[in-house]
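Which chain is which? They are A, B, C, D, E and F, in the order written, and residues in each are numbered from 1.
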Amino acid sequence: MIKLDTHIEALLVTYDTHDMVNHSGDVDLPSRVSVEQILAGLDELLFPGFRENSGLYKNNLRLITSEKVYGIARKLIRKIEKSLAFSAHLGVLSCEYYDCHASAENIVETFFQELPELRRVLSHDLKVAFNSDPSAKHMEEIILSYPGFQAIVIHRLAHFFWEAKVPLIPRMMSEVAHSRTGIYIHPGARIGESFFIDHGTGVVIGETTIIGKNVKIYQGVSLGALSAKKEDSNRKRHPTIEDDVTIYAGATILGGETVIGKGSIIGGNTWITKSVPANSIIQLE
Amino acid sequence: MIKLDTHIEALLVTYDTHDMVNHSGDVDLPSRVSVEQILAGLDELLFPGFRENSGLYKNNLRLITSEKVYGIARKLIRKIEKSLAFSAHLGVLSCEYYDCHASAENIVETFFQELPELRRVLSHDLKVAFNSDPSAKHMEEIILSYPGFQAIVIHRLAHFFWEAKVPLIPRMMSEVAHSRTGIYIHPGARIGESFFIDHGTGVVIGETTIIGKNVKIYQGVSLGALSAKKEDSNRKRHPTIEDDVTIYAGATILGGETVIGKGSIIGGNTWITKSVPANSIIQLE
Amino acid sequence: MIKLDTHIEALLVTYDTHDMVNHSGDVDLPSRVSVEQILAGLDELLFPGFRENSGLYKNNLRLITSEKVYGIARKLIRKIEKSLAFSAHLGVLSCEYYDCHASAENIVETFFQELPELRRVLSHDLKVAFNSDPSAKHMEEIILSYPGFQAIVIHRLAHFFWEAKVPLIPRMMSEVAHSRTGIYIHPGARIGESFFIDHGTGVVIGETTIIGKNVKIYQGVSLGALSAKKEDSNRKRHPTIEDDVTIYAGATILGGETVIGKGSIIGGNTWITKSVPANSIIQLE
Amino acid sequence: MIKLDTHIEALLVTYDTHDMVNHSGDVDLPSRVSVEQILAGLDELLFPGFRENSGLYKNNLRLITSEKVYGIARKLIRKIEKSLAFSAHLGVLSCEYYDCHASAENIVETFFQELPELRRVLSHDLKVAFNSDPSAKHMEEIILSYPGFQAIVIHRLAHFFWEAKVPLIPRMMSEVAHSRTGIYIHPGARIGESFFIDHGTGVVIGETTIIGKNVKIYQGVSLGALSAKKEDSNRKRHPTIEDDVTIYAGATILGGETVIGKGSIIGGNTWITKSVPANSIIQLE
Amino acid sequence: MIKLDTHIEALLVTYDTHDMVNHSGDVDLPSRVSVEQILAGLDELLFPGFRENSGLYKNNLRLITSEKVYGIARKLIRKIEKSLAFSAHLGVLSCEYYDCHASAENIVETFFQELPELRRVLSHDLKVAFNSDPSAKHMEEIILSYPGFQAIVIHRLAHFFWEAKVPLIPRMMSEVAHSRTGIYIHPGARIGESFFIDHGTGVVIGETTIIGKNVKIYQGVSLGALSAKKEDSNRKRHPTIEDDVTIYAGATILGGETVIGKGSIIGGNTWITKSVPANSIIQLE
Amino acid sequence: MIKLDTHIEALLVTYDTHDMVNHSGDVDLPSRVSVEQILAGLDELLFPGFRENSGLYKNNLRLITSEKVYGIARKLIRKIEKSLAFSAHLGVLSCEYYDCHASAENIVETFFQELPELRRVLSHDLKVAFNSDPSAKHMEEIILSYPGFQAIVIHRLAHFFWEAKVPLIPRMMSEVAHSRTGIYIHPGARIGESFFIDHGTGVVIGETTIIGKNVKIYQGVSLGALSAKKEDSNRKRHPTIEDDVTIYAGATILGGETVIGKGSIIGGNTWITKSVPANSIIQLE
């Protein structure tokens, strides 16, 4: 007959000695599930009618949108407040100087103010995706089934909260996109308008990457760092990609001072650690 | 105190000016969730007893199968009808010439007629997976845990609906497989019997690819296009792989006129843009 | 009007002739969903408070932990018993020699005895992840959002059951990690303390791989076999990586006799099929 | 600190000594929840479109009906088989003489054969309810909101299974109606066509009651037994109500030999223990 | 082997011949489940924090209230629109004269305008309940556990929609209260302020009842009609109870012209079919 | 277009002026849903295997019981702690004198210590129900479908917490029983062993009622108070029923000094406000 009592006691002891415990009653943190729920809600707001199984009509669009905005705002404020309190608790910022709840409210209000602009930006990402992929038959197909577009949507959301200095949540958002699409974009990366990623499994875009307008990236492209030293965490470690660049599958571009000049074409499976001038064409030989 | 009313109004305005809204009360589209539910149901029909948590017995197999077939048929007809109506709405096909509902019923009836044949084909994919992987201990292990096999199952389903000219749904199915396995097979790809993909993260197989019998493919293999021009969308842009070819991890084969001859072996990380004759062995140097 | 009766009959016929049916009333197998539930439960035990949406407090930690341990133990015993019975049914082991239920209880009891040690080991993996990634801001961030860490957690769980000779379940666990993270680690791989995988899409670590302490691996690294012959299934087919080795993105290391010597650095996109001595630095030219 | 281990052991001891334990792995019994699910399914079959939140259309009526019939049949067969096996286990009937599963299948097949007739009978109950209640505005109102009609529907279902000698399930069905409506009709009661019960809280109709056609009953009416001796369990203990009788609120009619003659009117709050001739009018003085 | 095909066909035939089918795709009706969801939402708005399991805080009260109001408004409008369309379909009212959707919006807007007044009225019902019941220890206890109060809350909601001439929904609401509490109040009944019903099983209050202020009613009281003739449906059939009356358990008061004068006390189990003057005391002898 | 903003503001104002708001973030109260979940869990512990749909086996009885006990204990402690804190907040008891959490733990530990005794008592209630009802075919039938037995089970649970001076929760439990069965037993009522209530709609048993052993009660019996004055709340207001008494349907017995002597039989629909000696037989004339 299995006996578990003593093993439970031993496990409880480790909860004291090896930390890795998050007491939700104290200063606790958002769970992955709650971040996924928030992203699902935002996705519905950005693309109304595309995600739900049913229930959206022209004559209830205003009511359903209001309901969703208030619900998502409530959840976002709560999770951001927790993240800010956690950060204050670590001494990274201080809740003595300001009220974590009020600060969370400010961030969320600004976020909703920005949503129309975000929809405008995404409409350009959508267009470029449609024009860049010969197998795309309709715009709607891209909203419904393109992982590259999904990754960009989540990145633009996560980046907003990164810029607002919300701890933890932006990377949790990025990781949701990564898990679903195999595309990793660090929320700190700055990405211009009309960005396109093909299906994209294996794409990696690092924290300090800067990407211009009209850039296209294919699967397996890595925009990475030359070293991974902890002391470099505040330096620019990832490359700069100027406007109108195309980077084909499997290319690796490394280093914070590496700049890919405007209009260049980087061929598949290439390995680049130095800057290239504008309009370069780089290929495997 | 947070105020959201004006932001909601501003968001509603963008619902008129930047489209990206799908009114489910009008001509609306299947959601990803509904496609996932249909795939889950089909998976249970193809591999009865492997997916549910409980409840299948020999003496209720007929009842439970009938129940599932009717339920899946109902959902499939509804979603296909919507996709056809959407397409007609865009002028791609016309619902004036025929009844979208009747057409959806025809497609679904033919689909269920083909299911036994599909099970026969999958039983061969299963056998070749078992024989190709030294670490496979039992056939059941492959059904329960091999992502390559899962991707092939979904592809063979999606390809049926692609051939039946159903809009949107086939690519949504492929994307479900992609998200779960990291393997992307465009639903248009034509793939012969006894196909094997190893765990397969990063595999990309394009729309106009043709693959023969007994072909084996490892992770990171790309069967792609040489260019991504919109005007090429009706041409053969992806390679042809003849019978009995093996392609090792990370190989890239590009171009619609590229043919890998019968029995060839393509080594890992190779880059091929031209045809190779039968029985070639291509390796990195 | 759609008619499905005859198609249902035809499908039922294939349930007799092409097997691929798992009768849960007889000797049936764990489903993927049940393995995911068990992993979710174990994850909550390993990182209390990080996964649930709410409800953990200091003063209910003992009660909630006891509840979870008993619940997970019950599910684990049931699924392991089924896997053992399946294996006995195939003649791989015999339930005549011992009681499958009692054996499952023994395995599970030992597992819970080992949990505190597992938490200790994971606390080192956590530390090395924090120290290796310049973009990690807090330890908690790694628990909440690092796919590499998630893959290691699941691997260490799956490996326990692999060592305990539980059929099927360990590979199903590995596949859950693979699907979520794009990282595939065969449950048989032996991995030392303080192991780090960066975001990791495309990583493949084969069944007979041996990895020492303080090893770091980046995305797209493959530790694979030189051949995939069925008759090799009992031989060491995958490489040995000694202590303190770092392997950068896209490197491929193949073969059961290939040893990467202690302290070596393997550069990105390299292709290695022979042993290298300690402290080697291997790079693309 | 709360300690529960010893109390758990003490509770487990009572599971051996005071029985009241139902091992679902052995000869186990249907739960109330499963009976409620079956009733919900049958209610949808009897009144298609009235109970679900959405999803029924003219063009999927055949598919959705087939799906439901197979699903309900499966659940009914399983629960009836369990009840028969339980009864056989007690020696009340014997599974040696016949196969419990086959017997359950026969009962369920006959039940579905009778469903059209049951719908015909219920359409008359519906009409009489509409005609008897001045506050009923539409027929649909009665299906949607009349507890008396709901109780009759469940009774006619439960009575079928009572006549088929299914143990336990008929009374569990009656109790579901009782809990929802406050109306108790023992499943053994034989009730003629065009029966009407007003809102009906407190109505009790005993096991051996016989009720003719066109009978109307108001709240609080009791058709009961004069004694409750265990040895009387096989005798007729409850009254007979002939055709066209009306019984007003709070009337109590007791005894197996008590007959209320055709066309009689029994006033509110009366207490009757002897037969009354046809066309009597009985009132409180 | 059970065969159900022909029985399904026979059942489908009855869907044509005996109507009782509600096509949700055409003019369809609200289901009981949807009415219960609306009532649950309204209950949360009326008594914030008392019904949910968790999640209400002072600083999210505005957001959570807004979210709920929009969500409930959306559901209410939809269900009322359906009910109005159904009624128009029967010729009871006409959708040609006005837009069913616009009309539903008007009703719902007025309803939300009235909610503060409804909360004021209910606060008086609450106080009188507290003062009338010696076993009530706190006000909160009444909100949490008094069926009489629950029935009054639902009645005041249902009565609003009855007055607004919404078909079907008011009676469905009343029936939800009836099923939970055993108290039946027809939504047409006009009930003054400070009304109290004790636990109340078996209470029946008919459609044309008029009740003044400060009236108290105990279990089993019936305020009914003397006859149930269909042709009387537009007459006042139920009694009038003036201010400050108390009616003890089991009393029956019948007839549209019966008036119980102000301040009277009606004893338990009495039977009254004629008016009594003010300040009467009526008792069983 | 419907506008709700101002109505929301007006509603929020009433949340300040008319209280009836329960802030779960402050001193908040258990919801009805949480009490129902606790009762469902306790019901499973008292009658293992009777309530769940599946999953109980002899060899997991210990694990599943431990899991449930810890889970229910956790929920009970939390809800009792909240109720005690609420009461302290009102000044009824003081949390300064003792720790509400510790006190809740003590109550719950004692409760689980008493569970075996409670099962013994219920086994006698079960036997008397079986022997008292001619239509009961098996003991199991009573556990599965008798509302009278269900009401007694919940009463004996609620009474324990009443005796332990837990606020609110006992009455909420009683009200759950009342809603399901139409039987109201105030949790303060003291009821001896071997108690039987027939189906029981309309039964009312007041707070200060005392009932001996072997008492049987039929539907509609009221054991009530002669007056309902608030100032009497601490006096005995409800009758005493001595051992071996039977009270038939609809009888009303009122008053705190009314004693029904041992062995008496009280006939249906009688009205009693004075004591009767032992072995009396009281009947309607």
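The working rule: a residue touches a chain if its C-beta (ideal position, glycine included) is under 8 Å from a C-beta of that chain, and two chains touch if they have at least 3 such contacts.
Owing to the predicted nature of the structure, the values given are computational and were not obtained by experimental measurement.
Student: Stepping chain to touching chain, what's the minimum from chain B to chain E?
Tutor: Tracing touching chains, the least step count from chain B to chain E comes to 1.
Student: Determine the set of chains touching chain E that also touch chain F.
Tutor: A, D
Student: Of the pairs given as A-F, B-E or E-F, which one copies D-F, with over half of its contacts the same by residue number?
Tutor: E-F
Student: Same or different: at the chain D/chain E interface, is the fraction of residue numbers used by both copies above or below half?
Tutor: Under half of the interface numbering overlaps between copies: different.
Student: Compared with chain E, which chain's mean CA position is the farthest off?
Tutor: C
Student: Between chain C and chain D, tell me the centre distance in angstrom, where each centre is the average of that chain's C-alpha atoms.
Tutor: Roughly 53 Å, centre to centre.
Student: Give, as an integer number of Å, the spacing between the C-alpha centres of chain F and chain B.
Tutor: The separation of the two C-alpha centroids amounts to 57 Å.
Student: Taking each chain's centre as the mean of its CA atoms, how far is chain C from chain F in angstrom?
Tutor: 50
Student: Could you list which residues of chain F touch at least two other chains?
Tutor: Each of 1-2, 4, 54, 62-63, 66, 70, 73, 77, 182, 201-202, 220, 269 in chain F touches at least two other chains.
Student: Going by the touch rule set out above, what shape does the chain contact graph take here: line, ring, star, complete or other?
Tutor: other
Student: Can you work out from the touch definition every pair of chains that touches here?
Tutor: Result of the pairwise touch check is A-B, A-C, A-E, A-F, B-C, B-D, B-E, C-D, C-F, D-E, D-F, E-F.
Student: Taking the complex as given, what residues does chain A use to touch chain B?
Tutor: That would be residues 45-58, 61-62, 65-66, 69-70, 73, 77, 105, 108-109, 112-113, 115-116, 119-120, 122-123, 126, 131-135, 137-138, 140-141, 143-147, 180-182, 198-199, 201-202, 219-220, 249-250, 268-269, 284 of chain A.
Student: Which of the residues in chain A end up touching chain F in this complex?
Tutor: 1-2, 4, 62-63, 66
Student: Of all residues in chain E, which touch chain A in the complex?
Tutor: For this pair, the touching residues of chain E are 59-60, 63-64, 66-67, 70-71, 73-74, 77-78, 101.
Student: Show me the residue ranges of chain F that touch chain E in the complex, using the header's touch definition.
Tutor: Result: residues 1-4, 7-8, 10-15, 18-26, 28-34, 86, 90, 92, 167-168, 171-172, 174-175, 178-179, 182, 184, 186, 188, 201-202, 204, 206-207, 220, 222, 224-225, 228-233, 237, 252, 269, 271 of chain F touch chain E.
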